[in-house]
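Note that the chains are named A, B and C in the order they appear, and that numbering of residues resets to 1 at the start of each chain.
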Amino acid sequence: MKKLLLTTAALALSTGFAMADTVRLGTEGAYPPYNFINDKGEVDGFERELGDELCKRAALTCEWVTNDWDSIIPNLVSGNYDVIIAGMSITDERDEVIDFTQNYTLPDPSAYLAASAGVDVKTGVIAAQTGTIQASFVAESGATLVEYATPEETVAAVRNGEADAVLADRAFLAPIADDDAALELLEQMELIGGGVGLGLRESDTELKATLDGAIKSMKDDGTLNAMIDKWDIGLTF
Amino acid sequence: MSCFQTVQDYALRSIGIGERLLPRDNFTLCDQITLIGSGMIWNIYFGAFALLTGFMLATAVALGKASPNPLLRKPSEWFIFVFRGSPLFIQFFFAYFFFLSLKMVSPFFGVLTSAWLGALIVLFLNTAAYSGEIFYGALRSIPKGDVEAADAYGFSGLARFRRIIWPTMLRLAWPAYTNEAIFLFHATTLVFFSGFPVWQQRGDALYYAKYFADKTFNPFVPYPILAGYFILLTLGVITCFGLINRYLNRHLPQEARRRLKIRMNMIR
Amino acid sequence: MFSFCSDPAALDGLNWLSCYLTTTKHMQLYYAVATVLLLLAITAPTALAFGFGGAMAARSHLLPVRWFGKSYISVVRGVPDIAFFLFFVIALDQGFEWMRHQVLCPDWDQPVRQGNDFVVCQAAKLPLGSAPQWVHETYGFFLAVLTFAIVFGAFAANVMFGAMRAVPRAQMETAEAYGMTRSQSFWRILVPQMWVYALPGLSNLWMVLIKATPLLFLLGVEDIVYWARELGGTANPRFTEYPHGDWRMWYFLGLMVFYLGITRVSEVFLEKLMRKLSHGQATTGGESQRKAAA
């Protein structure tokens, strides 16, 4: 009897998603520790672990898809996957086009990685990835912005002296600074963006509610904080 | 803000004149058309200069490849093979890498790492290789009679080349060369897309189209605008080259002047 | 891959390299090489078919068909392929889903466009939401092939349109004199002979097609360039068992050799084909073959 009940519950849950049997999670796969491709060629990182846990809690079957950062939102609204889980900060302009769940990281200040501590970030040459909130920030700050297509190239630009510093999420830059003695993080940080959330189509209200609930439960029982600590993402809730 | 104001602010934004900040919200069609049009300045600049400079080298390479002397022939063959055989973006990657290492040696070379010169050099070499192959093909198909007639009239050496061989080669190669020019202009979109960094948001048409696609999350407006600009540019190139073609064939009787057909059997 | 690869940190030299080059991630690079070759093999005949159709349309006696053919050729050729790829695949995908939506869900009452969202009924989704990953990948691959074929079909149409006009007029007149109908003379005389005129242009097109494959990632297919970037980028010891610096240069060098390789092979093959096609043709090539044989 108990078993039967469980199945019906599962059925009731899944009928809500009869429309979406498999939930496809879209990520970039080039932004460690949030998401990256590991030696096995699979999506790995903080968001992989988080996404799998969320799917387990919400009783969803999930599948991982990688997509180029530039077209990650157009492909979501066009229905090629159902959720963006790619370290995407919640911003007003993005929020106009897609919906976000509640944030699963606290706003992480963006940091500068530079070759020397004496860089003046207000007047120097600052590298950023094209199309990121950091690029918009530098464009407005008065520093000379130089944009590269990939995160890898922005760091390379500092290594080879093309730029004085690179502005990116602290969690992305910290392991690089640890690994390379020639580079260091500046004291100054910039608070841009409002934490990272899952991006969904505005019409997918049901899925949004489910995932919101799952994130809430992970926040409540502390599993989310443990994950944030494990991957060194930043402040905990 | 009126459209006129937008044009004033942004028509020359791609070369750093006008408003410093790009529009950030309420993107109008006028914004998009103006800024993407502004970016076309770079595409035209790269295309036109690479074409002009590449033309000279292409002639030299074609002559080199047709030369019986292996010291001239082998390098020309390899030059054409390497630049025609590898994707342009790999050439950009290596060029940027190479220019950076030159910069380490001496800051004198620093200017090479900026797109206006560095990317121009790559495009110049690239188009020289493609046009060189086209010119080489044309050289081989110059009617034997023309050369013999030149010999009979006592032309030799440079005079024969300048008066007979070179003009004939151009006439034969022109349709294919027009196509090469069109492709070169298209290839200029790769410069900032996957080659050189963009400084202070001064990019080409594709850069601004991407900027808008990125801000509005709607690819269906900026990219068709970009496509429209390029169709216009292509038409312009065809017209220009058609005029030159008429000039090259001015000696022929009216009906024998083959109109420049964009069929070209040697497209790139 | 190999049994001694269990602890990469302890390895060095060739052992390390042999383990490194056989990680699953590298396997995906090698797999991507096969994908690219497969794409080329499928796209080439498809683009040829598009080109043939386009050229026939441009020669049509019906004005609308001719206009369609000519505008297809000139519009697609006028646009840089990157710009085309950046929005066309999404449009194509939405177009397919919209058509299926109209057929499969006639009683759907919500609008397809809800604000920015493009929403079709679940049954119209391509591929279906329940489909396994490989179906999605195959569908993406199919879209990429179709997009490439449409773009390169326009160029091929242009070449073939010219080639059809280059077939000597006398040949067609002879066909008419023998009492062949328009379609007979087209299929029996024009088509077999046009290839020799089209081949130089088509072989150039093939070379361009090879070099356009790095744009595949824009179409959502993970191609060799994607993996080369991914593998060549600095590998931080925290995220991999095989840390290394910025090795993109070596990977790109490998790619360059790969591309030069297929270019060379194609050149040799096309040269042979040209010689075969020229046989017995009234061109300089055919003439010199005749002389050499005599």
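Please note the rule applied: a residue touches a chain if its C-beta (ideal position, glycine included) is under 8 Å from a C-beta of that chain, and two chains touch if they have at least 3 such contacts.
To keep track of the chains, here are their UniProt names: A = Amino acid ABC transporter substrate-binding protein, PAAT family; B = Amino acid ABC transporter membrane protein 2, PAAT family; C = Amino acid ABC transporter membrane protein 1, PAAT family.
Quick caveat, the model's predicted, so the values are computed rather than measured.
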Per-chain CA centroid nearest to the all-protein CA mean: C
Reference chain C; chain at largest CA-centroid distance: A
Whole-Å gap separating chain A and chain B, where each centre is the average of the chain's CA atoms: 39
Between chain A and chain C, centroid-to-centroid distance (C-alpha), Å: 33
Centre distance in Å when chain B and chain C are each reduced to the mean of their C-alpha atoms: 23
Residue numbers of chain B (touch at least two other chains): 193, 210, 213, 217-219
Contacts with two or more other chains, residues of chain A listed in rising order: 71, 74, 77, 97-98
Interface hub residues of chain C, defined as touching at least two other chains: 86, 90, 116, 248
Residues of chain B that touch chain A when the two form their complex: 21-22, 24-25, 100, 103-104, 113, 193-194, 197-201, 210-211, 213-219
Complex interface listing, chain C residues touching chain B: 74-75, 77-84, 86-87, 90-91, 116, 155, 158-159, 161-163, 165-166, 197-198, 200-201, 204-205, 207-208, 211-214, 225, 248-249, 252, 255-256, 259-260, 263-264, 284
Interface residues, chain B side, partner chain C - complex: 81-82, 84-90, 93-94, 97, 141, 182-183, 185-187, 189-190, 193, 206, 209-210, 213, 217-220, 223-224, 226-227, 230-231, 233-235, 261-268
List of chain A residues in touch with chain B within their complex: 70-71, 73-74, 77, 93-94, 97-98, 127, 130-131, 136, 139-140, 144-149, 153, 157, 160-162
Chain C residues touching chain A - in the complex, by the definition given at the top: 23-25, 27-28, 86, 90, 93-94, 97, 114-120, 122, 125, 128-131, 133, 136, 217-218, 220, 222, 229-230, 233-234, 236-243, 246, 248
